[in-house]
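Heads up, the next two complexes both have chain A, just with different partners, chain B and then chain C.
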Partner chain A sequence: MGQPREDRLFYYSLLPFAGATVAVVLLLAAVLGYYSLPALREYGASVIVGSEWRPSEESPREASYGLLVPLLGTLATAAIAVATAVPVALAMVVATEEVLPPRLRGLLGGVVDVMAAIPTIVYGLWGLEVLAPLLRRHVYPHLNSALGFLPPFSCRAYTGASYLTAGLLLGVIVVPYIYAIVREAYRSIPSKYRLAAYALGATRYEAVRILSGMVRPAVAAAVLLAFGRAAGETVAVALVVGSAFNPPTCLLAPGYTIASLIANQFGESFYYPLMANALYLGGLLLLAIGIIANVAGLRLLAGARSRAGL
Partner chain B sequence: MYAALVAALVAYTAVAGTGCKAAIQGSGSSFLYPQMEVWVERFREAEPGVVINYNPTGSGTGQNQFLQGVVDFAGSDPPLKRADWERLRGRVVQVPVILGAVAVVYNIPGLRGHLNLSGEVLAGIYLGRVRYWDDPSIRALNPGVELPHREIVAVHRSDSSGTTNVFTLFLHKSAPSLWPEGLVGKSIEWPVDSTGRGVGGKGNQGVAEQVRQNPYSVGYVEYNYAVKTGLSYAWIVNREGVSVPPSRETVLAAAEAALASLPSSPLDDWSGAFQAIVYAPGRESYPIASFSFLILRTHYPDPAKARALSSFLHWLATRGYDYVIEGYAPVPPAIRSMIDEAARIVGGGG
Partner chain C sequence: MPDYRLAKDRAFTILVLALAAAGVAPLAHLLATVAVRGAEAIARAGPGFFTEAPAPPGSRELGGIAPALAGSLLLAGASVAIGVPLATLTAVFMHEFPESRLARAARALAMSLLEIPTVLVGILVYSIIVVPMGRFSLLAGGVALAIVMLPYVATYVERALGQVPRTYREAGLALGMTRAQVVFHVAMGVARRGVLAGFIVGLSKALGETAPLLFTIGGSRAVVQASPLCPGDAVPLLVFQLAQTPYENWRLLAWGASLVLVASVLLVYLAARLLVREVRL
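Moving on, here comes the complex of A and B:
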């Protein structure tokens, strides 16, 4: 290498730390995989595609551990979260970047940034005490009577705890993530485009439409990253999802996600042969969802940045 | 800095200097924990030399740590499994030390008076077949009570729990044709969940929270928890067809009635104890009662430990039941003399 000695030392001294991060992720996947194997060997694919969760202390043969319901629940709640959070976050970006008077911009932006710093257990308790009862009393009955012909709203909401409640709570949690990514992209649009839009006589609304079209790749990236974040969220979801083995065909019913299943059952799982192994497999699935969503999201984001000339 | 260190040293020698004869380690049942704390405190007044530490790790962990020799004794809601007892036969002592109950709590706004429920009705509810509070089967148990035509939300534990085991055992014993043996256990697949009217809560607290929040719901929690949270609890129809509330008297009555089918020595196999006390005969008996056990060795290598444990058991048998806290019930006299017998076995083995 033609670098000065100092730089080479610098390079080598940082290598272990960078390598350790990669090693931790690989080790994590390896451990999850190693512990999931016994469950896969005993039950085969039915651990993933089966929908029955019937633990047995006596023998693994009498038990069945199917992760399909919590897996679909994870995807459903994360999808609801992203679907509700994206419009809110986009509206907030436009409000804080274009519409609001400068003083309010800083205030609103600051509040959204603080939202990201609130521990999710706090959101969970709020969801349990405020959001769930509110939705059960004032929203779900109307949703059911107006849209009951659609399968997702076809059941009565007997409890406030449900897939939809968990999804909406997750939506609140991921708003600041989407907001931060999109705002950054929006700010990085070169000012010549804004000037050009106004120079052509665009109204403010038209200018915002042109500019927001330019951050579309960042929005897509934010959607994926927020999806990964929502799929892995544990404690807030465990409090409001209802912990019942129901497929998410109707979103107003109580259900499970993989993370909330692990939170509920891991503690005592060692009394049930292979249950812990099935839960490890659930962890591995979560890791896979997280990696896919994050890698795809980050690639989109990198593409968007390079196109913006950054 | 040095002052603090010196103070700590002085405090340490003061504690060590009180003539600590034995330090006993126990772990297990979290149900037993609040009561155990009171006993340990009171026992220390009677015998200051003995330090007992009890760690509420849960019954399963407690048994495990005891079997592995990590702790000196275990507190456990279920007794040792038959296979474990066989393996340790003659070397292990088990005694029930306190009685508890599972209370069926409900949230029916505007309901006056108490609600009567039976095993059959509860089985129907948790199967998802009994759908409304004014179902004929519930009305028949509650003549004159105005029941709402509202759908029942059935709350259950989402984590594995001894409370679920006792509750489902009761459902099976009282309504065997409705509730099969396959649905008895610490963690089961609840049929009501598939109707959308079943919801899980983590721990007694999670169940109580769901019941409190969802009008027209029903759930089951440890009796002491029902007392603490102030939720309404149902009277339950027992084996003789009498509806009784959970209370110290009715739980004690169930234990008295179960005595005939219980072992007569702490050295025996107690694995059938829950079968005996759940849905026990007797007009006064509360049908969803349960024991909590202390599990000890017959021989301890350290004679000081053996003496200390023996004197704790003797103190428990003679004075301990003056300090039973609310929501728990003392064991009947016949079992107290068995605790004293256990004291003799443990003490004689030193």
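Moving on, here comes the complex of A and C:
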């Protein structure tokens, strides 16, 4: 602590930059909040719990902006994504850490890194031109005829674009995030536990069952963080979700998520009084989902790490 | 009894490998499709792919993605110029004064920026830059991408600085250097590979982003734009907008642009991999 004066100068000269980083996030919340107020004042809670989206160029009184359908669509697609991605990502972790021969382990790790590196717009293009037609032709008709008595599969899929398509595509996108978090936790298990399990004569399946109990908090954290990512993904979803205001009670129908609604309508929203404000409110909801998922996930992860350190 | 256990183990191994294969399959199919369709696009367009603007919709010609390439380059320059100093100095602050309240806030908010949907960054920049300026611009897009790259660069740089052995810092301080000199002349030098990898990863993340550009750069792709104050185009935005059109030639162009995107991202990944052993994107 040699030169307190220069060190203080150092502190104060760095202050604005760290302050700017903090300010960006606060400003984001402030801007979204400020511009969504007019919509809340005019329509009250019906912007969030209403399900009718009827823009009007004439007057805000004739219009109705209910975000319920896109909000439910966001939650439904993110839930589908996590539900499909978790088993796959966990299997990939077990494959890299326990099953594959050492040379293939690095390869699988590299493949997952590439998955995480590819821009989501490319996933979106692939989803639009490859995945959606494939599902429409070969999967959805069977799903509808076999399980049509269940509400989620009760409607005919006329286009490949639907909640289910978006959810499955998001599942592909979030696999690498779940994998990275769970693998790090799995690797931090002290090797004595693995050795003890095998020394007791456990088969691989039994050893993995014992060890996987120790990474349960990390899996929960990965689920939350992946859910947040999936809920906020915009362009890939906008290409395959179908852009229609059907409630996600039938997953084979085209729908909307908040992010894809913003992507589609924010640009034109200024022709309609208060429509932009309703979309700002949608953004605020997305921000809340993202921050809740992030804080809860990171807290779980920190708890898991400190326990692993013991 | 043992047979039962072994059978269960066998079934488990097969299930794990099958699920892992199911996870890799979409990526393999995606890469193959991008390679085939992208190569088809570039072959049909010829060298004009890199020098021309997109042809009129529905025509037989493809044209090229030159305005988008130029726009992406300008965006890269602007976002690095804004985002890298901001992120690096924030990281230095978080590393040097870790206990201060601001450092804790910065760390928490930088982590939550990783999770905040990037389309919201686009809305923010639209509201505070595009509207007051009165027009879309590549500069506004650069600001949005700088915010996107900030958390990646900051976490990488902070981790790289944290890995510098204490003895180097102590040696610097013992020579009578100030803390600022120790950070910028000693620690940054020792940590340069990790720091550089952070810059590269941040840039590659920013350049693949589409959502922050939707309401900031305007997507005008008729001519190559040389000024950052004018509206422009970017490669991911071109993919998003052309993919939604019914025109066969524009959709093919989107595949060609996707190939350019994927190839550049993979090159960046390899570069970062050469710098540091473990890359987390």
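Everything below uses one rule, namely that the second predicted complex is superposed on the first by the 290 of 310 C-alpha atoms of A that agree within 3 Å, B and C clash if a C-alpha of one lies under 4 Å from a C-alpha of the other, contacts with A are read in each partner's own complex, and residues count from 1 in each chain.
Everything that follows uses one rule, which is that a contact is a pair of C-beta atoms (placed from the backbone, for glycine too) under 8 Å apart; a residue touches a chain by one contact, two chains touch by 3 or more.
Since we're looking at a predicted model, the values are computed, not measured.
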A:G267 touches, of chain B and chain C: first, second, both or neither? both
First, second, both or neither for A:L285, with chain B first and chain C second: neither
Residue contacts on chain A - larger count, chain B or chain C: C
Touching partner for A:L67 - first (chain B), second (chain C), both, neither: neither
Chain B versus chain C as contact partner of A:A161, first or second or both or neither: first
Partner chain in contact with A:L128 - chain B first, chain C second, else both or neither: both
Chain B versus chain C as contact partner of A:C250, first or second or both or neither: first
Chain B versus chain C as contact partner of A:V240, first or second or both or neither: neither
Contacts of A:L32 with chain B and chain C, given as first, second, both or neither: second
Chain A residues contacted in one complex by chain B, in the other by chain C: 128, 238, 263, 267
Contacting residues of chain B [partner chain A, same complex]: 58, 60, 151, 153, 158-161, 185-190, 193-194, 196-202, 209-210, 213-214, 216-217
Contacting residues of chain C [partner chain A, same complex]: 5-6, 8-9, 12-13, 15-20, 22-24, 26-27, 29-31, 33-34, 85-87, 89-90, 92-94, 96-97, 102-103, 105-106, 109-121, 123-124, 126-128, 147, 150, 154, 173, 176, 178-180, 204, 207-211, 214-215, 236, 239-240, 243-244, 251, 254-255, 258, 261-262, 265-266, 268-269, 279-281
Of chain A, residues touching chain B in the complex: 52-57, 128, 132-133, 136, 155-156, 158-161, 238, 242-246, 250, 252-254, 263-265, 267-272
Residues on chain A engaged by chain C in the complex (per definition of touch): 2-3, 6-7, 9-11, 13-15, 17-22, 24-28, 31-32, 35, 87-92, 94-95, 99, 108, 111, 113-126, 128-131, 172, 175-176, 180, 203-206, 208, 225, 228-229, 231-235, 238-239, 259, 262-263, 266-267, 280, 283, 286-287, 290-291, 293-295, 297-298
